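Here is the structure we will look at.
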Amino acid sequence: MRYADFTPYDLVLLLQGLGVTVGLFLATSLIGILVGTAWAIVRFYRVPVLTPAITFLAELLKNSPVLVQLFLVFFGFPAFFHLNVTPVEAATITLSANTAAFVYVIAVAAIESVGRDQIEAARVFGLTRWQVLRHIIGAQAAAFSAGPLVALMVNQLQVTSLISVIGVMDLAKIGANLNMRTLKPFIVWTVVGILYYLAAKLVATIGARVENHLRSHSAFRGL
Amino acid sequence: MRLDLSILVPYVGFLAQGALLTVWICALSLIGSFVLGAVVAIARTSSSKLARRLAFAYVDLFRNIPFIVQLFFFYYGLPEIGIYIDALTTGVVALSIAGGAYASDAIRAGILAIDNGILEAAEVSGLSKRVVFTHIVLPIALRTSVRPLGSVLINMVLTSSILSTITVNELTGQAKIVASDTFRPFEVYAALLIVYAALTWLVSIGIGMLHRRLNRDMQPDVR
Amino acid sequence: MIEATDVRKAFGKAVVLDGVNLTVQPGEVVSILGSSGSGKSTLIRCINGLERLDGGKIKVDGFDVSVPGQLAEARKRSGTVFQLFNLYPHMTALGNITLVPMEVLKKPRAQAEAEGRALLASVGLADRADAYPAQLSGGQRQRVGICRALAMQPRYLLLDEVTSALDPEMTAEVLAILAKLAEQGTTMLFVTHEIEFARQISNRVVFLEKGTLLVDLPTKQFFDPAGGLAQPRVAQFLSKMRKTENP
């Protein structure tokens, strides 16, 4: 193998990798938020059997390494379920499930943060549970969870880097390839690190904006 | 599609070795992060603007760059500048540096939570700043930070799995070998998830006990 | 001697101390009275260096509290007792008292503890030496606070509304100890709302109003209708305080 120096095309490669990272991050975050919130709603309705099952699954996903979860889906599912799983598919499934588990906890806390008195008043007035959820809990819970959710998002962006281990051509994988080709790890990993850092800051900034917007409609206006 | 956990039985000892290595790695990294975290926390609450800026930069950087990128930076980069250390040591160093960033946040919060009046009493009594820190600030801050530091440790246990990517044969590394030996990755990784979850559960119980023990004198007597 | 000359202190736009002059000689017991916000606590906090002066000078035995090198010496000569006790929660009562003698005076542990226990005995807490602050009542905590301040054998004892956070029974406990200290000749400068107590044990009473020292007289003269009470603000203040004491 010939060890080559950096070329301008490497920048394109890095940006492509960044694109894959961001793309998967956005997709899995969206799915994770939807699924996690759905789980929290199931818990709100106190559905039997399903609620403890979800809680158990969420706890398992939260308290085990994402890398192992990736291996389970990428290596384990094909062997066990006899179906083909591409690296991207495995990454999507794993990251979505992992995000959902953390969103579940945040959503449950957010729903419970809305005072019982409001819920009781609404129920006494004849609103169904769904109406209570939608009109009373919804906006307040969203405002409450905005902060923790942004922090979670920043964290999950870092977590995407693990999908490089199962072969997805994300930013970390491009970095690994560049490193092997140019044998200049300091430069390669510093640049990769900076790109991840900037992406994280971008997520944090956008998240802060969204949080402010959600908070502006919430009841607590500060002292 | 048959779940056969019995194939793991002959490998229990092998996996246990990996688990022990994980525990050893986390113990060392815990000490490293703790010391680093305390130093950085003191820097972040110091009166020197430079110290505060440097400390903040460190925390900001290592919390917004994925661990695997940090790990590869050290593992591939250090030999480039002539520092040759084995994979295990590199892993512990990387975990300590990453963990230190989170630990410093926990300890800093503990320091900031100290009642101002107590600091005033210490100040007027003529104690030197060093003694105030070692005898009053740190002991009180650490008692409040036990739980958050416990979260850092739990995170570290999960993150240690990433060391398997640099040939460290901790629990995940051993599991990969078992998976390829037995051709049953599903059983292996599913069991691995449960083992990690059990490990973190044990840690959180231990943390709870430690917290109660350290804080028992600070709770008012139940009369 | 504590010498405060033309002391000025402002927090932002609010002027809290506006040219205060006060001298405390060794052996004197001086009480500072005044309504909330008059600057009483701030004055004490300026003397022990917790607040920096915006103008004027304070010297404790000749050491200027505004000069960093001299502040440490000034602080060695005074001990402060706080309204909210401010005990170290992670140390026992004895530990709170022996910390500074051991660390600053380098006293050996055995000696420091013996002296600490003696102090605790003098305030009636000999059996609570190994209790933690969380296990003590408010009055007991304040008594430990007094011992802690006395452990370094300071020349001057500064007391900042030390009974304001206590109920009547505990207040009486603490005041009894302060009276004993006054009798023994300890120099004390204290801020208080306990008018009767101030009247009984102080040699001098000083009245602060909106940052200025309106009256500075020996006790008898202060409470005399022709002396301190001649000042309308003082009379008004005292009658209000009397109303709450004897409704």
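For clarity, chains are labelled A, B and C in written order, and residue numbers in each chain start from 1.
The rule is short, and it goes like this: a contact is a pair of C-beta atoms (placed from the backbone, for glycine too) under 8 Å apart; a residue touches a chain by one contact, two chains touch by 3 or more.
All figures in this text were calculated on a predicted structure; none of them were measured in a lab.
Engineer: Chain contact topology under the given definition, line, ring, star, complete or other?
Structural biologist: Here the contact pattern is a line, an open path with two ends.
Engineer: Can you tell me which chain pair comes out on top for contact count?
Structural biologist: A-B
Engineer: Of all the chains shown, whose C-alpha centre falls nearest the centre of every protein C-alpha atom combined?
Structural biologist: B
Engineer: Which chain has its C-alpha centroid at the greatest distance from the C-alpha centroid of subunit B?
Structural biologist: C
Engineer: Please compute the C-alpha centroid of subunit A, do the same for subunit C, then give the distance between them in whole Å.
Structural biologist: 57
Engineer: Can you give the whole-Å distance between the Cα centres of subunit A and subunit B?
Structural biologist: Computed value for the inter-centroid distance: 22 Å.
Engineer: Using mean C-alpha positions as chain centres, tell me how far subunit B is from subunit C in Å, no decimals.
Structural biologist: Their C-alpha centroids are separated by 46 Å.
Engineer: Taking the touch rule as given, give the residues of subunit B at its contact with subunit C in the complex, in rising order.
Structural biologist: Touching subunit C from subunit B are residues 115, 117-118, 120-128, 131, 135-136, 139-140, 143, 217-221.
Engineer: Name, in rising order, each residue of subunit A that touches subunit B in their complex.
Structural biologist: 59-60, 63-69, 71-72, 75-77, 79-82, 154, 158-162, 164-165, 172, 175-176, 179, 184-186, 189-190, 192-193, 196-197, 200-201
Engineer: Contact residues on subunit C for subunit B in the complex?
Structural biologist: 48-50, 72, 75-76, 78-80, 82, 84-90, 99-100, 103-104, 132, 134-135, 148, 152
Engineer: Along subunit B, where are the residues that touch subunit A in the complex?
Structural biologist: Spelled out, the residues of subunit B in touch with subunit A are 1, 3, 61, 64-70, 72-73, 76-77, 80-81, 154, 158-162, 164-165, 172, 175-176, 179, 183-190, 192-194, 196-197, 200-201.
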